[in-house]
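Paired with chain B in one complex and with chain C in the other, chain A is shared by the two complexes that follow.
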Partner chain A sequence: MKLKRILLAAAAASVLSGGAAVADSTGITDTSIKIGNTNPYSGPASAYSVIGKAISAYFKELNTQGGINGRTIEFISLDDGYSPPRTVQQVRKLVEKEKIAFLFQSLGTPTNSAIHKYMNQKKVPQLFVATGASKWGQPEKYPWTMGFQPTYDVEGEIYAKYVLENVENPKIAVLFQNDDYGKDYRDGFLRGLGDKKDLIVSMLPYETTDPTVDSQILALKDSGANVFVNISIPKFAAQAIRKACEIDWKPLHLLNNVSSSVSATLKPAGLECSKDLITAQWMKDPTDPQWKGTAGYQEWSAWMDKNLPDADRGDVNYGLGYNVSKLLHHVLDNCEDMTRAGIMACAANVKDLELPMVLPGILVNTSPTDFYPIQAAQLSKFDGEKWALFGSVIDATK
Partner chain B sequence: MDLFLQLTLAGLAIGSIYACVALAVVMIYQATDHFNFAQGEMAMFSTFVAWALFQATGSIWLAFVLAVAASFIAGIIIERVIVKPVESAPVFNQIIVFIGLLMIFNNLAGWFWEHTTKTLPSLFPEDMGFESTLISSHNLGVIVFTLALLLVVFLFFKFTKVGLAMKAAAANPDSARLVGVSVGWMLALGWGLASAIGAVGGVLVAPIVFLEPNMMSGVLLYGFAGALFGGVNSPGGAVAGGLIVGVLENWARQYVPGGSELGLTFALVLIVGVLMFKPAGLFGRVVVKRV
Partner chain C sequence: MIRPNALTPKLVLSFGALVVLGCIVPLIVEDYDSYQITVAFSYGIAILGLNILTGYNGQFSIGHSAFFAIGAYTAAIMITHFGWHPYATLPFVAIAAFMVGFLFGFPALRLEGLYLALATFALAVATPQILKVDALEEWTGGVQGLFFDKPDPIMGGMSIDQSLYYVTWIVFVVLMALTWALLHSRSGRAIMAIRDNPIAASTMGINTALYKTTTFGISAMFAGLGGAFFAFANAFVSPDTFNFFIAVYLLVGSVVGGIVSIPGALLGGLFYVFGQEYAEEVSNLSELIPPPWVTFGIFLILMMYFAPFGIWGLIERGMARLKRPSSS
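Our next item is the complex of A and B:
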């Protein structure tokens, strides 16, 4: 029986790694699994480090309940300061010295890009990375890397389709952050416009070092646009919303999901000014009262009370950390073959999984050819108090 | 025409903030001959203190006054405890201390108050008595307030004993000491004033850029550009420099072809250009040292 399992594992491994026949179970014993992670606990992106904190808290609690199938989780999360060279250094340490089984939810687009090739050469899974870039789902080229959230370009495409279907004579203004993240969104939006790209009357970038985007907003208004696609992180999104309001510019305002948090963006910008914003959502905003009654929210909320009582509940990333931990928990819980290749195969075999803080109707699905776990979103309009979903769930795969 | 006016006024408002930072930088530069790289982060930290006080008291003006006072005292303590011991150390040691302070304040703020953006209400009333989409009441208030602040600083140095003593201590420490000025304490006072001015700048800028630990990182660079442009040893020049940088930056983005991507580049070109062609800045004195 045991022999059979080993043989199966080896077979699975050879399918995935393209020939290397030895089942690699580094980091996994009968009583423990070692999981690595990098997060920006310091530096410019340290706001996101709450994801790392949430995941640590999740596994800590899980271990007190006996872990997963008798194995405790040793979660080692290191600080990379959002600096790619440090990510490389820390991940090497995790893989070569700590001998982790796999890397989980390491955060950031530039940081994950820096270790993308390394992880695939070493054949160590780089699971459910915390970035919305589109390059994490290429199973043929990078069989050891898998994304998690809906990608930025897919979201951009959804906005373009909405504009084409719902606005008469659209004249479009675009503000985007001048880096990989902003360009991914922008390119998705352009792809969605198809041959109607000349509807864009003005497109302006900003840098994260700019103190404000006020001058960009003044110029975008001056272009005479009646649609405004706002691709910016919370701080700049809030500035843009407030400035547009101040100068009395009222276009159809499409706000990227990255900045859709009521407490981090809309409250600072002013709720009255935020009225009628449209965004595409896939997670439940913890500050949004409409979720308070749902089972998923209550599960998360009770968990927060118990494990992170002092945390800022308005921060949507605590929900994200909880969601993705749940997903990994599910994958490991249902995995027979506990080797690196086996875990990768299990991660690529999730069917219709519901996560507590993800919108109803959006399910996690993966397959050996589909390395994008969540690919659906639903449009939502801000009514001055909360986001009100409208239309149906838009699945980018269909 | 509307666009031009709006750009100019928005430029003046953000330029006022650069001016505050530039002024704080110049205060310390005059006294010590060094740029305090932690100036922006100290101002950010002060702003968080103001935010916390506002949460506790509910009055933004009270929070503002208390935070500025606290920053003044904290500035003096920092000079006495951290900067004084390295006073006679080589320049590099001092710069490392400043950069260390920068990181410490940045991380402390994140640790105490987390990284989500926070809103600090404006010091000025929403209703400015007339309707306009050209400038918001807060921006107008910022411009007026900064100019008033400059006037106060000017009067302080011109007409008060302490102000004169501070100037003397900075200009010629040996002679100042001989006539009984306590040079060390004057330096500490300079740090206190600089950090208080920084706090004012922080509280003024927070309603525009929103409060979070990296609030001042962009502002500081433009503040340096303003200080250099106006002249590193001229407080009035620093304020003028800050205002000019704010306005020029906005114009350049809009009217220079391809300028929309060049905001920061513009500030850096300005810094390099000034250092190359007019190191003393527009309004600064050329310092001649007898050897």
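Our next item is the complex of A and C:
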């Protein structure tokens, strides 16, 4: 009898909470917005955690200035150690316990994959995820998830085109991380090669749990390749660059953009070893003096001085954190309908937005059918101190 | 502590109280907590298997993440490719994991102690990569893994998380009871005799090879069932989920809970899930407290120093001490 009563009470409670979800403004009051985030503050991908730190700093400062339209931002960022089940746990905590309005810039491809379905079932926005996998832009199937940066497959395609046009008699070696992220890049690269896939002489995977990629690099060198496509996250990218340098292997080295940070990848690898690396960029490299005079750089730099004075300026991810915070700020600032669905609609309605630390000529555009905010990049070469852009902006949509 | 408790009215009563307590929990906590405890139970089931193998049979394994993965993937493949109801997959999960464990038990026969640990380690590190092999991608979903829906509530008025909690708890309780029965049987005595002195055991006429492989199979079966519930709770499986760390944590949970005990598995599972979380919270309390993993490490060292038989060992010792003055 008693059990029955408790069960009835539980049923009533679940109906009530279901009713609240229809109103859909969980986490949003007239004076505050609660935003959740997961970042790898520990584990193999912890080099990216500066993004979480930058976003925290951004909203902290914004709150001292009164927040957005009178609402202060409560930004809760939890550590998931880049482990998918841990992400599920932390995100459920954010959604169900903390009652966040939406999830913002959660980092990592395997980690976001694990919560993709959950977020869409719960109808909680998963905005501007920090991963370039191509699957975040499917508004019909996943209307609550949106990407941010240029997708990996597009970047891979750009590299393939460059190799075909600029290298005589290319023999290509590929190192890739054995997961969604690595395979997205790899597949984009293969698509870019078209019917010339036999130019690849060796293609080797690594796991994030591997201690080093030294043996892969030795094998890739032995394949006699003169082009090396390096699809790895900063820790492994640095190892690969260093090892190639040590064994005196000097191919045309294409490094994926996610590891292009001078301080997180190239400095640990050795700047001398990093000379002549090529990557595709869509953000201003903070170490590149040509941006020093631009308004965007100065805005970011002043913000850094004020909020993160001790941070390493060479790390491009501080710029990324700033950019994406700016984008969210813009979206929320111009949003009338402050509900979960309303915010999602506003995020899908950004037109020609310039961000301070994004390359000139690259604009943020979204629409109800386009959930890929940034889709252009430009190639860049490392001269031993900084990245130097060359060629023109390549827009994947054109 | 070395042998399971005898069947006394007190044991039955306290076990009954535990079962009831477990049933009340989801009524008073939120769905999120039920989910977390469900995950703890799923680890607990796997740890129970490890306790049988290591604690009672004396064989080492730091590769139980592999059997955990086999259980999870067997369930996930049957659900996504063949449209089975999640709970209907459980018997097949048990059979599949038992078979793999039993077969792995054969080479394990030739290996003792550290060498066996190394062989199981190899299994653990190989598992994520095997799951990613392109040839199997059609079945395993490759690096993406497989996604499915959580099982529907078994009763109206229950949330999905509550329902899964109850099913997991019931299975866990039944497995604990079965383990107790197994260890109290003739076979159980043989299993423990092999641990205590393998040569004497075989002289007594115990077929050590058969018992060791069967124990390995049973242990793997438990790990597989745990893995299946883990997959249900998270509604997805992916190769990187089942990395070597899972195997290590299972072992840590087993030792912390009490490796030569049955209730220790429950404590170990809870420790696995909540230990890390509290380490995080504790280290956030003050700047002076070291970062989460250091805190966690310090706790483990203290634990081994003050409670070498795990939390359950500590509880038993405490109870024994309480009893002494009254009986004397």
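Just so it is clear, the second predicted complex is superposed on the first by the 366 of 398 C-alpha atoms of A that agree within 3 Å, B and C clash if a C-alpha of one lies under 4 Å from a C-alpha of the other, contacts with A are read in each partner's own complex, and residues count from 1 in each chain.
Operating definition for what follows: a contact is a pair of C-beta atoms (placed from the backbone, for glycine too) under 8 Å apart; a residue touches a chain by one contact, two chains touch by 3 or more.
Since the structure is predicted, the reported quantities are computational estimates derived from the model, not experimental observations.
In the overlay built on the shared chain, the residue A:Glu96 is in contact with chain C alone; chain B does not reach it. When the shared chain is aligned, no partner comes close enough to touch A:Gln290: not chain B, not chain C. Contacts of A:Ser42 after superposition: both chain B and chain C are touched. When the two structures are aligned on the shared chain, A:Asn178 is found in touch with chain B and with chain C. Look at A:Pro85: by the touch rule set out above, it reaches chain C but stays clear of chain B.
When both complexes are overlaid on chain A, the residue A:Glu207 reaches chain B and chain C alike. Touch criterion met: A:Asp312 reaches chain B, while chain C stays clear of it.
Look at A:Thr26: by the touch rule set out above, it reaches neither chain B nor chain C.
Judged by the document's definition of touching, chain A residues 42, 178, 207-209 lie at the interface with chain B and also at the interface with chain C.
Residues 6-8, 10-11, 14, 42, 79, 83-85, 88-89, 92-93, 96-97, 110, 113-114, 116-118, 178-180, 182-183, 207-209 of chain A touch chain C in their complex.
The touching residues of chain A, when paired with chain B in their complex, are 42, 44, 46-47, 49-50, 178, 204-212, 214-216, 218-219, 222, 234-235, 238-239, 246-248, 263-265, 267-268, 312, 314-315.
Chain C meets chain A in the complex at residues 27, 30-32, 35-36, 39, 125, 128-129, 132, 142-145, 147, 156-159, 162, 230, 234-236, 238, 240-241, 243-245, 280, 292-293. Contact residues on chain B toward chain A in their complex (touch as defined above): 2-3, 6-7, 10-11, 14, 17, 107, 110, 114-119, 133, 136, 205, 208-210, 212-214, 217-219, 221-222, 249-250, 253-254, 260-261, 263-264.
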